[in-house]
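Presented below is the structure to which this report refers.
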Amino acid sequence: MKTKKVEQGTLLVLLLMAVIYPFLSDRYMLSVGISVLLMALLGQSWNIMSGYAGQFSFGHAAFFGLGAYASSILYVDHGVSPWIGMIAGMAVAALVGVLIGFLSFRYKLRGDFFALVTLAFAEILRVLFNNTKALKAATGILIPYKDVWSEFQFANDRIFYFILLAMVIAATIFIGLMSRRKFGVCLIAIKENQEAAGSLGVPVLKYKLLAMAISAAIAAMAGTFYAQYYGFIDPTVVFSAAISVEAIVPCIIGGAGTLGGPLLGALIIVPLKELSNNLFEGVNGVNMIIYGVLIVLFVVFCRDGIYGTVIRRLKGARS
Amino acid sequence: MQYIMESERKPMRSKRIFLLLMTALLALSMVLSGCKSQTATDTIKIGSVHPLTGSMAYEGQAMVNAQKIAIDKINAEGGINGRFLELVAKDSLGTSSGAANAALKLTNSGVVALTGTYTSSSAQVVSRTAEKTRIPLVVTVASSDNLLSNGYRYTFRVQPSVSVFSQNFLKYLSYFKTDDMETVAFIYENSNYGAGISEYITDHIDETGLRIVGMLSYPATTSTMSSEVTKLAALDPDLLVPIGYYSDQNLFMKEVLERGIQFKKIVGCANGAFSDAKFLRTYGTQVDGIYDINYRYNPNSEEAQYMLETYREVYGEDIPVHAIYGYESIMVVADALKRCKNPDDPEELRDAIAASEIYEHVLPQGVIKFDEKGENINSAGVLVEIRDGKHIIVFPEEYADHDEVQK
Amino acid sequence: MSLQGLQSLLDGILMGGVYALAALGLSLIFGVLKITNFAHGAMMTVGMYVVFALGNDLGLNPYLALPFAMVLMFLIGFLIQRFPIHYIEHAPTHNQLLLTLGMAYILENVLLVIFTPNYQTLTVKGFEKAWRIGSLTFAPAKLIAFGVVIIVTGCVYYLLYMTNTGKSIRASAQNETGAKLMGINVRNIRAIAFGIGAVCTGIAGGLLTPIMSIYPTLGETFQLKCFVITVLGGMGNLWGALVSGLIIGVVESLSGYYLGGSWSEMVIYGIFILILFLRPTGLFGRGNRREN
Amino acid sequence: MLTITDLHVGIGNLKIIQGISLEVRRGEIVSLMGANGVGKTTFMRALSGLGHITGGTVEFEGQDITHATSQEIVEAGLIQVPEGRQLFSLMSVKENLEIGAHTKRAKARMKENLEYVYTLFPELKEMNSQAAGNLSGGQQQMVAVGRGLMADPKLLILDQPSIGLSPIMTQKVLKAVIDIHIRGVSVLIAEQNIHDVLKIAHRAYVLEQGLIRASGTAQEMAENAEIKAMYLGH
């Protein structure tokens, strides 16, 4: 039970830090904080589908982009509040997620192949949006600049920060609760051994699809936030592989399949990246070399992620 | 959950983790905001946000290089009322969040103005940042039409936008259009720049009397242009308009030249390759007779000559044409700073930039002056012809140069 | 088929050859070593720059520079496998993906630091004009590349199927325990295999140097295409990679001609998804399907 | 020839083998018996350098090979025909056999050994070009034994060679073991199928829960009432 307490304790500490942070920081640090939270949210989204359920996605940009586009098109073209647009985007993304999942699972894709299919879907969406005039094609969508809370627009970035924080907390609590129930246990069973889980009466397909739907919806939520906060989206931005990578990085660094992993991962990697950007301004490219080296080192020496390793150590200390 | 079942562990660990994390947070915030205290107060800092890594790194770096030359020139002439300028350049990483973080880092470190960003999506983000932080942004290059459509007060753009380039094209058509010219085909990269220009022109094509026989779009990351070349050769339009970036358009021309296809007339619009010195170095006189409507310096300006020569001297190559706007963006800021009572006040600087009327500059256009949206009212590209393996401005007449400008 | 269609087909076949070679390297690494290598594009770019540097700075003919590129690429591949990848061989796919992605960042940006981000073009004397047969044209650099691809594929085939090292590579891929119990130094063999994969990749990059203008992140654009070809041909299947490289080259060229370049990407990804769903072992069915 | 003293082997945090001492003398067939899951395979793998040895020593021909790599062990002449055969399933029978002769020593005697394998299992010659993965279980076991012989063993370890085989096939494999032994190769064989193996073994050890429960000559073991009750079942 103590491990659980550590887990809860860490989450609480993270929460406390996250709440205090904006009051200690200036605009730049607030912006870095938002980058951290955005990555954490994407990570949490990736986590449920890939970390818990073991269906490794390399195309989370698809859901992210759908969320961003759904709310932005509804907002700009039809005057629908992005708050509602966000829900719509989550629904669309969940639907597409289920569709991709259904097809993939029907054809029994796993591992690399599943990852490649999700990647291909994200790319197809990028090309599709880039070439479809009705979806603004390559021009992208500019979000009007206002300060109206009902339209998800704030002049004060601190409010954006807290909204995003609320999203991260909601996603984390949601996943935390789910993972402690039958759903979570079954997902882990599916990850460990799908056939065995199936033979024990776990509705494998249903649970996997559900995990994908939840995952996609959370990514879409992040997409809407992104559009509203940065104020501009186009297909090459929101459907890019870079977004898919952003969803994976915090989980691997922090620990995939753990509740606090993505949060801790984002909290570590974003500031490190920012730090190397700031320290190596003289010679271009060095910042990215450092970033690459960091990733390699983390993956090699901390295979279960930082959070995962700590948890494992705690458990290991027992025996 | 696996961990729930586990037991037996030393207490206090969560407290230790708490302390550890808090220390980490504190250390981080100190490091991240560290540069603030190091500010040397006697220089006036100008921020620059460009992609310095990734696929746009060359363009971004050239922009910063040109900006440095402008800064050095101003400092050599005594700076702004005795104070020197300092360029602080940061990598936007080519992403929105990267650009936002970079811009805010700069505003944090006390820059009075921002410049940037080469990619339109980053420019959109930085312009919003400028608005929020109330620090003026002078766009170096970002051609997207809707950049200023949000009514931002703090964003100014010197360079011609997509629609200005397109209008230039339609206007300059009279120079190269012959009576027997009937058909036109476009080959353009399909991001907002290539697609934007070709779309604008096609929307207004009726005014020109030309008939469109081909609209070929391709992704800028393409590795082959063979089928496009084949198709265009078969269409054989009277006028061919290629719009794209350096590497893809270079690939296109390479295939055209290899196969010895003779298009009747090629007129690029903001073509990343045609106006580039490297392009001429590669193909020499083989590409004679190609036109391009593009960024350019004013061949009659002495300052432009200075910029060209200094750039060549310092960086060992001819200044890429887009980088000219990097140079000029600094000049615009400097000009405004000179008119400020307190150069450290971004608000005053904004008003000064808005009131700019710059007659002496390197661009082939009239006075630099901003309208209420922040758009340079006289921004324009020029029509360049490749003649004897050199770029010659042929239109508009007042900037035409028949002397040899470059070596 | 019209003359233009025929020309497009021809261009597709020639370009497809280069894709095939690039994919061959990935197929070896992906199929034999079971590593999802996202540093593949970056490795290709390294090959491009080696050939460029030797061609531009030493005035070496790019095709004579290839052997140097091969040696260097082998070393790079060997070391990448031996150091970081060795430690994550049995880790989940996403760990491999992230690690190789990190490697890609490192390689690309080392190139950026050394060669600047400037676009580099290498022209080969005598290759300025296409060769013709009737009304059809052949780009000389692509034609030579195609020839080299056939030769290299042949060599790799010989190496894998006729030599002891090759047999050890295949044995280690098919059954690691069995290989170890026969006294094969699996760790070294895997590093050699990665080295060979890197060599193929590097040659493919080198062959593109006279064709395209190069910049440090250029390889990224080939990354996904190589995955498509590898899966289409069946992972680890040499001839499969060759044939599907040609298929993708032709599909790209023909769809580019008939539908437009923007949509040819779509067609390729569409084929990719269909093949993943319907024939994940590849068109030729001999690839080993990976499951986690 | 092979002397194992107080060997401990673990997998992760689990301690599977907890202090085994065992000996194979030159010219012997020794059998290691035990039910499924008592750690036979873990033990065997550890001997070939594929396990995590946490304590004790393994000595082969006077040489300490406790922490040697599998290559060094193979080179020394300790060859294992593993459980589940572990063939190279996409490669032909011939290739499988050829890869068996990987070490220098084995390569030098490749021709001779190949001939011997073909005399031992003549059917392999006919299946030479077939992919090993397409063969029946018994045929695969012949390839596995043949591959082991190609490595020119001084001591051949067979880990449950009869698993999944028909009684006829099992007899065939065990007959081959006798033949191999006659040719001068010592043999350590792990089996669940105790009844048959005791007929060909000189001595036997019984493994239970990671420990040696009993040991003695094959005859003693076959007559041991307790073992009879537990393993022979009838």
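Letters A, B, C and D mark the chains in the order given here, with residues in each chain numbered from 1 onward.
Please note the rule applied: contacts are C-beta pairs under 8 Å (C-beta built on N, C-alpha and C of every residue); 3 or more make two chains touch, one makes a residue touch a chain.
The structure displayed is predicted, hence computed values, not measured ones.
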item	value
Chain located farthest away, centre of subunit B as origin (C-alpha)	D
Chain centre separation in whole Å, for subunit D relative to subunit B (CA means)	72
Subunit C and subunit D: spacing of chain centres that average the CA atoms, whole Å	42
Centre distance in Å when subunit A and subunit B are each reduced to the mean of their C-alpha atoms	32
Distance from the mean Cα position of subunit D to that of subunit A, given in whole angstrom	51
Junction residues of subunit D, two or more chains touched	none
Set of subunit B residues in contact with two or more other chains	52-53, 57, 61, 190, 217, 219
Residues of subunit C touching at least two other chains	109, 112, 117, 216, 262, 265
Chain-to-chain touches, reported pairwise for every pair that qualifies	A-B, A-C, B-C, C-D
Complex contacts: residues of subunit C adjacent to subunit B	4, 7-8, 11-12, 15, 109, 112, 116-119, 121, 123, 127-130, 137, 139-140, 208, 211-213, 215-218, 220-222, 225, 252-254, 256-257, 260-262, 264-265
Residues of subunit B defined as touching subunit C within the complex	52-55, 57-58, 60-61, 190, 216-219, 221-228, 230-231, 233-234, 246-247, 250-251, 254-255, 257-260, 278, 282, 286, 317
Complex interface listing, subunit A residues touching subunit C	50, 54, 56, 58, 103-104, 107, 109-113, 115-117, 119-121, 123-124, 127-128, 130-131, 245, 248-249, 251-252, 256, 283-286, 288-289, 291-296, 299-300, 303
Residue ranges of subunit C touching subunit A (in the complex, touch as defined)	30, 36, 84, 87-88, 91-95, 97-99, 101-106, 108-110, 112-113, 117, 216, 224, 227, 231, 262-263, 265-266, 269-270, 272-273, 276-278, 280, 289-292
Of subunit D, residues touching subunit C in the complex	48-50, 69-71, 73-75, 79-80, 82, 85-91, 95, 98-100, 102-103, 106, 147, 151
